[in-house]
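Before any comments, here is the structure.
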Amino acid sequence: MSKLSVVIWNENVHEQVNADVKKIYPHGIHYAIAEGVRSRDSDGLLEVSTATLEQPEHGLSEERLEKTDVLFWWGHRAHGEVDDKIVDRVQQRVLAGMGLVVLHSAHFSKIFKRLMGTSCALKWREAGERERLWVVNPGHPIVRGIGKCVELENAEMYGEPFGIPTPDEQVFISWFEGGEVFRSGCCWMRGNGKIFYFRPGHETYPVFHNAQIHQILYNAALWAAPQGAWDDVMNARNVSVEKAREKIRKKGVSLHSENEEGFK
Amino acid sequence: MSKLSVVIWNENVHEQVNADVKKIYPHGIHYAIAEGVRSRDSDGLLEVSTATLEQPEHGLSEERLEKTDVLFWWGHRAHGEVDDKIVDRVQQRVLAGMGLVVLHSAHFSKIFKRLMGTSCALKWREAGERERLWVVNPGHPIVRGIGKCVELENAEMYGEPFGIPTPDEQVFISWFEGGEVFRSGCCWMRGNGKIFYFRPGHETYPVFHNAQIHQILYNAALWAAPQGAWDDVMNARNVSVEKAREKIRKKGVSLHSENEEGFK
Amino acid sequence: MSKLSVVIWNENVHEQVNADVKKIYPHGIHYAIAEGVRSRDSDGLLEVSTATLEQPEHGLSEERLEKTDVLFWWGHRAHGEVDDKIVDRVQQRVLAGMGLVVLHSAHFSKIFKRLMGTSCALKWREAGERERLWVVNPGHPIVRGIGKCVELENAEMYGEPFGIPTPDEQVFISWFEGGEVFRSGCCWMRGNGKIFYFRPGHETYPVFHNAQIHQILYNAALWAAPQGAWDDVMNARNVSVEKAREKIRKKGVSLHSENEEGFK
Amino acid sequence: MSKLSVVIWNENVHEQVNADVKKIYPHGIHYAIAEGVRSRDSDGLLEVSTATLEQPEHGLSEERLEKTDVLFWWGHRAHGEVDDKIVDRVQQRVLAGMGLVVLHSAHFSKIFKRLMGTSCALKWREAGERERLWVVNPGHPIVRGIGKCVELENAEMYGEPFGIPTPDEQVFISWFEGGEVFRSGCCWMRGNGKIFYFRPGHETYPVFHNAQIHQILYNAALWAAPQGAWDDVMNARNVSVEKAREKIRKKGVSLHSENEEGFK
């Protein structure tokens, strides 16, 4: 069995310009995530690599995406700098079957807003307060090896209402010291692709050095991996009258010529 | 109680350029839909008007949308000509609470693809074949007054897989003479707004002169009407540490200044 | 338009045997709920009555249920004393279209477990701690007139995981002083009937004297009211070959005789 | 890695008493299913065995169920003869994590009705007509290796409305020669367990000798296998005030003594 190809994408901006962030993530958040995911992979199931905004095509060429099974997405300050063409490409790849794991402030990334269709808005507060992520779905593969909850001593607060479609599966709900709650782990299927949004991760706290978080991200990579067929999903295909499964004859007038593609 | 404001939007293109279509819908499809919906409204609950692509701002100015409770959308040939700014505006209005009824070939409209986040693709065949829309949810308000199914003697076929997120509620599934099936009536909630996709409606068949279809569209207008609060949904709002519901003190460093808006 | 018939059902046991409870709810919890719901009904839309365990057929005769639009259910200590025949009757009525509002400790009632099919288990703690119910779905009709959250100064804690199917719509999530979270307001459709589970309500706290709780219960009664057709939903009906919508002829052997009912 | 334990359960009644059925399934339907599933298991991932109604405890002792990863359920004529204690046991095991694959007429089995909470009713016709199961979710693991649809030349018709909760995922929708449609492949999660309902399978047609059906059942066994933790799910557990995650002190009066179990 070939390994799953996992790509950790990061805009990699705050780590360059903010000394506090640089101290916590000297090689960038993508590096810490990649190391963390690898650290749980004692079975050698994954091939983990990274990509960043400043690379040509943001490191996400067609060739590379075609070989990617699961893409992790970290963005915050530079959402607006991501090229719409790359967003189109990632969206099509997710709909065809690639898994996508969306982290923390990437709730406002172009690709997440595109796939959700909603505002993806929330409330927030930067007070370094305590967060407790409760497992609400204890049999879910994403919480394998995690106990009843994960406690983070310092976290940025995200509060409801979170502007998302009702998740297909709710995995975590967070409690915050300051009095709020948040749907912190949410699963959706879109087209053939699985999407996991996971809340923790502010740049100024060492969240991505936490072993439980590593385990969850590793589990998420396995969960989001494509399990079925890949498909060309974007086009409307004409079925000619002759090729109907049941014998029919054409009645009435037509707008379209045979084998024409649908208007888009 | 004031009436619900319902706007029927139509690109109104095929009716101008195709003689077959013009014969069936001499005043445009929007006119036939508006008349049909009004014909069921013996209780006088609705105020129905129309808007078309060629009008300034496609007939959907901010002032007008602000007073619109439910918007019907018909498009086919001219999806690409709809201004992205108007699509943004309609999306925000739906997320804030406006109902949206999406008809037939508008599965590929910009606004529907935007709200779904998926391909919205399907298979199709123009053979004037028989379609039977089965009610799979007999207690749903959208099928009030409709029996077990609706039969259309001539229809364009749409076939699965239909590239949509799993509907919150499935109302109709269609059977086609040529051997296919399709999820023909689907409900979603996105933000505060309700969305109904309804399949029937090719330009070359008199679908919008059918009394059962009128009843379903009327029911859909009532169902999609906003029932709760309206809200500013697009922004991430900062909650200052002082205003936390539970007393907390700030710990650690910050990336943001107080009351700053989230990066987008 | 005739009024909606709302019946508040209560086992009415703790109020009889526990002095603390009797002091808070001298006429029973059902009385407090009925009064509270009526107090919000300035439009006179509802006809509210009560029923209790000790009445013949628990106050839920076939005749009465047949005229009931929405049933509220409070139970705690005497779940096991509810007659299975009445549970069958209520279930069938819900599937046919009656709304059901399930309160607090009724998570373990026979009727709720029957309709969910799951454990309906949870964690709990009686410490009189603070609870904050956050609105996660601000456009939902159940939160009409409620702001961003409801605060209860003294509440019994319920904690996740809550053993329920994924709700169709999540309306509230609770924060507890002691560190837990809970899905406190959940909507499902089962058959033609709408179900709302609402968490607050321990017998030793005056939760049902709170005006915001009254408003939510009133909203829930309107939301859960049947909006479409009522139906005989429990049986498998044979469709004879002659009555097929498309002309077919019988092929192969049969197990059943014509118009036989399905095995059950 | 140890093999997945798959048990095929069959009431095994029609095969004994009906000559037509006996000719098609001389060793019983369970035998044909077990052979079919094994035939696709070239990777040797499964350990497949069978159990029948007439065995002690219907072949489903606690010891055996404890080692079972996925249970297939075939029943039709003898639903009422299944012991409620065994139904309780299977339900608890599913909620704790065991997969369940429910076949054809088992839509009316006690265990399926128990887990769904709904009528599970449908329409039916025995005419040996053509059925076409369309794949509506082409990336789903259950349709791996299946093309766009499965055609069965002779099938019993099942028609909508099907009295089930909205499926979490829709995999197949069927087209019938006589004009009906049906949601033929449906997925739910209940507790920690995955449930798949699959429609085909009348006793008088050789459906379980079809290689595509074998492939789907094999895929379903892999899909339904537990992927996460197993859990004691049925009880409400008290969390003592001292063990609260956040330091709190008890306020107000109590109904319960410490560590008492919730009323059931």
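In order of appearance the chains are A, B, C and D, and numbering begins at 1 in each one.
Here is the rule we go by: a contact is a pair of C-beta atoms (placed from the backbone, for glycine too) under 8 Å apart; a residue touches a chain by one contact, two chains touch by 3 or more.
What you see is a predicted model; the values in this text were computed from it and never measured.
Should one ask which of A-B and A-C has more C-beta pairs in contact, the pair is A-B. Superposing chain C on chain D by their CA atoms means rotating through 180 degrees, a value rounded to the nearest 5. Chain centres here are means of the Cα atoms, and by that rule the chain farthest away from chain C is A. Chain A and chain B have centres, each the mean of its CA atoms, that are 27 Å apart.
Between chain A and chain C, the centres computed from C-alpha atoms are 36 Å apart. Annotation for chain C: residues 132, 137-138, 159, 166, 168-169, 179-180, 189, 191, 245 touch two or more other chains. For chain D in complex with chain A, the residues that touch the partner chain are 96-97, 132, 137-144, 149, 151, 168-169, 189, 191-193, 223, 226-231, 245.
Across the complex, chain C meets chain A through its residues 132, 134-138, 159-162, 166-170, 173-176, 179-181, 183. Touching chain A in their complex are the following residues of chain B: 14, 18, 20-21, 76-80, 91, 95, 105, 108, 114-119, 121-129, 154, 157, 159, 163, 165-166, 168, 177-180, 188-191, 202-205, 233-241, 244-246, 248-256, 262-264.
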